[in-house]
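Look at the two complexes coming up: subunit A is in both, with subunit B in one and subunit C in the other.
And then the complex of A and B:
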């Protein structure tokens, strides 16, 4: 187990290095750079700016300087937020994205497992049909539509009630988090519902359930201990990447609900060619995703004793 | 094989009992997680205040982005400018009616090549230290220092040796500005600068306290406590990416005239619809509208306000060697089919925009009144036959039988798409001219503009100071912003006259000459003067919208108690309504 974890960690580091390298060269190959601005500057000022940010050096030299700094955990200073370090930006804003993401995934996982189990039990009957229709909606409608509709819904709800039940946006209290987290988790919830449903139905045909029934175990116990527990496995498998995806993919929700998360910085950095923030956020998100996959692989071993790592 | 049996089994009543149990467990899980996150989320508490609060004198608003740079020597963007305009003050400032009035300077004298300023005794920094002439000299040297790499350093070039310092030919200490005691500032100018006073309200001219600046060790302006303030407000709290709260500066010399206690930018979002939702919910006092949510606002029967924001948008041609657009007949042909009124009323369709007629917008002041009234813009009527004749002449001169497609460089916004497609259609339909649209995101577009990879570029220009020169020198051969590299000795000479003569009539005649050349040589095709539409809480009064300077300006705003009769909450730019017809 220890050797397995070590090997996965080394693989993870190589993956992150690859992400950093690919991003670095892709970014420098795009025309335009962070020093371009609306008002043109003279060649002298341009040269001063390049010197200030080290962009006057050859690209390979910049790359090695960059790698050396990254190895020490220093991502440099943002080009657009000129007085802020990329590390500060990540530290301040990721925890907000993370809090939102965790709540969203909690909604998604609980909802997905419960709705999935329900549809499996009521297979081909009304609850199944209604929920599966909603699931198709949830999977196919893009997040920004949910975000817009969710916010409009809150506005109308508050207007109808005459007081603020949920804030329209902003950040700071739990009530600020609920609607955005629901909206953010909706797609994943739909996906998990479908996964849970097919998993439940597959297990319903398993031999060990028939054996359990033949042994005369109480139906409640068979359901909870044997069918449900085994059906959850595939859900747990996708949960890790889902956490990373939700935490990093909340850009639209953060924008609409005016939430100061990291997703916004990630996308704006690309639009603004903010080299240091692009590198910092991409490498950070890459590392986070790799880490979550490793964590899930390890957890998987605990949930299912049959899966022996290595 | 046993499918039927299994299905029947899963529908057994006992399983439903199990399910109910599980649903109970699930609910408990949700509640548990909710409680856990409630504990996790207690790190900041921001109450949801209302858009306007008459009792506390607080107005709540949204910003489109985090202010990127609050170091006045290096700032370039509008959001930072808006914050700085409320928390800092230069030698002069604009009042509610856009007149230049005393700021830190209580009196001044501006001669041909020198100027002196007497600073008021009661002007102090937010830490109580008096503002001295040294604070201005320090800030100006900083802004011109090549190591500071300020992109707005050029606005200080009128100061003697300013340009040489910025180009690294002289040390910053060579700046011809000196303190005569703490309260007198004497500067020498490079040449006569007829609009010098108008530059002094610009952020790059704001003072900085040297001791404080050094004490921050490179973190100056990084956070609320890393700035020293001297304006009507201070930044009381700045949560990065989330909010910026300004509160009244009790030490401001004119604090008695400030009626608002706080301006709370409580939300940061660039999404116009989200912003409108905040407004609908009563959480913010003002929001801009775009062509889509304008309909929504109309349905709600809100009082929609508009003003000309000062920017002019145009198509710029490339004059570099080898470009077809160097040919006058080709440009003239395109000029002859360009109909800005059609663009504004049929394509853009947002009230407040004016069809473009001249690079000089309608609100600029001339000798006595408005420049465009004193010097009406030469106009061209759409004439397809004449245009085709010019296109034929262009082909003959260029030795072409068929005109190859021209590359039109444009941005990637919805409005840029709409406009470039409109022009593609117009040039094809009316001239048979093919246009290839090159759509680029912001920085990429700027890079291509700088390197000259275009035939035509959709561009725009916003004013820096309140003088026709802020537009007039745009196509001078030495101007870096002249992206097409247009060079015309006649135009250069006119710009030179206008920027050094102290006689307003001579200057404006020269500017009118620039206006004539731009039209006759078909240097640019002006599309429109941008208008802005917005809604504001009727209780909010005295907000100033303007083309040059802090916009919107809440310095002299106040909140009326609810229920009082109201008609106008914002003082609009005086030219916006009065001159609305002039561009047509």
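And then the complex of A and C:
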């Protein structure tokens, strides 16, 4: 167990190093640079600026400095926001993205398990057909359309109620989070519902269920303790990749609902070729995702004793 | 039992051994089905998949041949019909050319009283439209309020909605600083729709009275005969008499916020979206096949190394790198941005297919027919290309059908956040992006492209489900 976790962590570190390297060299080959501005800058000033940000050194030296700093958890300072550390930017804005993401994952997982169990329970009857239709819709409609329609819905809801139940955009209170999180979780919820349904149906004919029925357990108890618990397992497995999907999907939701999260910040940094912010954000997100996948795999080992972590 | 017991009256034996011949027993009574014939038979039985297949074919026809049928330039702006909702062609009434208006002057009205402050003033009375309200001009007239006289001027507002709930009067379109002039002519950007005009009184310092009067005016679309000829809607100005109606350029799905035809843009946008969706997925699936086949066939150390690299590529945050690569390769200005997006997508998406194919090849490598081919002296390349890859085709085809919608999604996402195709090239994603801005007033600009994306993705997904059921017994879903 300990060895397994250690091996996974070492693999994770190598992966993060790979991501950092790929980002570094991709970034330094992008046309244009962060010191370009509208103002004409004399060669002397430019040289000074480059020296300040360390851009005058050879590329490989920059790369090693960057790696050494990153190993100490220092992503440097932003180019476009004077004297602001990338660490501060990530700390401030990721908190918002994470809150949104966690809420969205919670919606998606709870909804997916609930709807999936319902469809399996009412197989080929009306609730099943209706939910599966909605699921197909949820998988086929792009997230930004949900975001737009969600906002439109909020506007109409507020107009109908005569007061602001959910704000149309912005961030701050719980009521700001609910609609964006729902919108963000919708695609994943549809996916999880489908997964849950097929997993429930697969288990429906399992021997241990027949045994439980044969020994006269009440149907309710069989459903809860035996079928549902076992059917949740595949859902747990895909939670790792789902977290990745939701954090990146957050970009759009943050743009549409004017939420000051890290995704919106990243898009902005790319447009301004703010090297340090882009590299910092990418490496941070990469490390976060790698870590989440490892955590989910370890949790899976606890949830399902049949899976041996080796 | 004697022989007579077994015969009927006609003398034919009712029970007799069937003549057996060795060859006849071996004859197969029905033609044998190949793997693909069998798959096609199963796919045909799946109604959902079949309908999806027809939708996909229809979309391709729409994309390829649509622009030849609907020959409207997607970049052409029809400034008379900006953000027109979908529906039949708009009709304009022919009117005489615009003639200046003398205005309304109320010489008998009370004189301005500079001592009266705005809070004691009331709105004017009897607000009416003079003549017919047309897109040429809306003319209003009113009477000064007799109970609270002393206004020094008037201000006219225009709104698209009734101002009642929030006292939102809208756009100030006119200010009249002569209290005797009690008429106003609005010629500002009039469109054929309902407007709410509000008039209120001003005091000597220009402060507004809180009281206002509102009139709703339905504006009629008019066109002069000369304009109609200039726009190619009529051949001869002399044939048109005032009061005749002229049909404007037809936009069946409406126009966008710049007056561009939605149908034409959807067709051309489909070319971009489907092109990227299909070409990108083909290329990266092909690359994944070669990579996976190489890894699976080589095995051992090489396999380990190749797959470890694939794992790294999988770990890259997909959309972040899409954006990075999109900028990295998109150097030239004036570029439509399609090529860099394709390259980025191919570079990041191949590992999933590679993994799948590798797994298949590892299985197939142990099959008897591969051993037989090897025994007959087949070389490695021949073995892989002729025997192994064709046997993974079922899985690959399924992957491909699921790869297309995900590529379309990615394109739409990138175009939506403004990192995809560059304007004015339309794509479904960029159209959604533009439509989102006018979502509250003209939702059709968002809904039409969103609907197309959804239907396409849905069709490909259902087709993929059907193909999976038909081609691969092991992956068959339990639905």
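Just so it is clear, the second predicted complex is superposed on the first by the 302 of 310 C-alpha atoms of A that agree within 3 Å, B and C clash if a C-alpha of one lies under 4 Å from a C-alpha of the other, contacts with A are read in each partner's own complex, and residues count from 1 in each chain.
To be clear about the criterion, a residue touches a chain if its C-beta (ideal position, glycine included) is under 8 Å from a C-beta of that chain, and two chains touch if they have at least 3 such contacts.
The model shown is predicted, which means the values in this text are computed figures rather than measured ones.
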Simultaneous placement of subunit C and subunit B on subunit A, clash or fit: clash
Which of subunit B and subunit C A:285 touches, first, second, both or neither: second
First (subunit B), second (subunit C), both or neither touched by A:256: both
Contacts of A:173 with subunit B and subunit C, given as first, second, both or neither: first
Contacts of A:72 with subunit B and subunit C, given as first, second, both or neither: neither
First (subunit B), second (subunit C), both or neither touched by A:151: both
Dominant contact partner of subunit A by residue count, subunit C or subunit B: B
Which of subunit B and subunit C A:23 touches, first, second, both or neither: second
Listed stretches 434-442, 470-478 or 542-550 of subunit B, narrowed to the one that overlaps subunit C: 434-442
Residues of subunit A at both interfaces, subunit B in one complex, subunit C in the other: 30-31, 148, 151-152, 155, 255-256, 273
Residues on subunit A engaged by subunit C in the complex (per definition of touch): 14-15, 18-19, 22-23, 26-27, 29-31, 132, 136-137, 139-145, 148, 151-152, 155, 197-198, 201-202, 244, 248, 251-252, 255-256, 266-267, 270, 273, 278, 281-282, 285-286, 289-290
Complex contact set, residues of subunit B against subunit A: 2-3, 6-7, 9-12, 14-19, 21-23, 26, 29-30, 33-34, 37-38, 40-41, 44-46, 48, 62, 65-66, 68-71, 74, 76, 146-147, 149-154, 166-168, 219-222, 226, 239-243, 266-271, 273-274, 277-278, 280-281, 283, 440-448, 450, 479-481, 483
Subunit B partner contacts - residues on subunit A that touch it in the complex: 30-34, 36-42, 44-45, 48-49, 52, 80-84, 89, 92-93, 99, 102-103, 106-107, 110, 113-114, 117-118, 120-123, 148, 151-152, 154-155, 158-159, 164, 167-174, 177, 204-205, 209-210, 213, 218-220, 223-224, 228, 255-258, 260-261, 264-265, 268, 271-273
Residues of subunit C that touch subunit A when the two form their complex: 311-312, 315-321, 323-325, 327-328, 331, 405, 409, 412-413, 416-419, 429, 432-433, 435-436, 439-440, 443, 446, 450, 453-455, 457-458, 461-462, 477-479
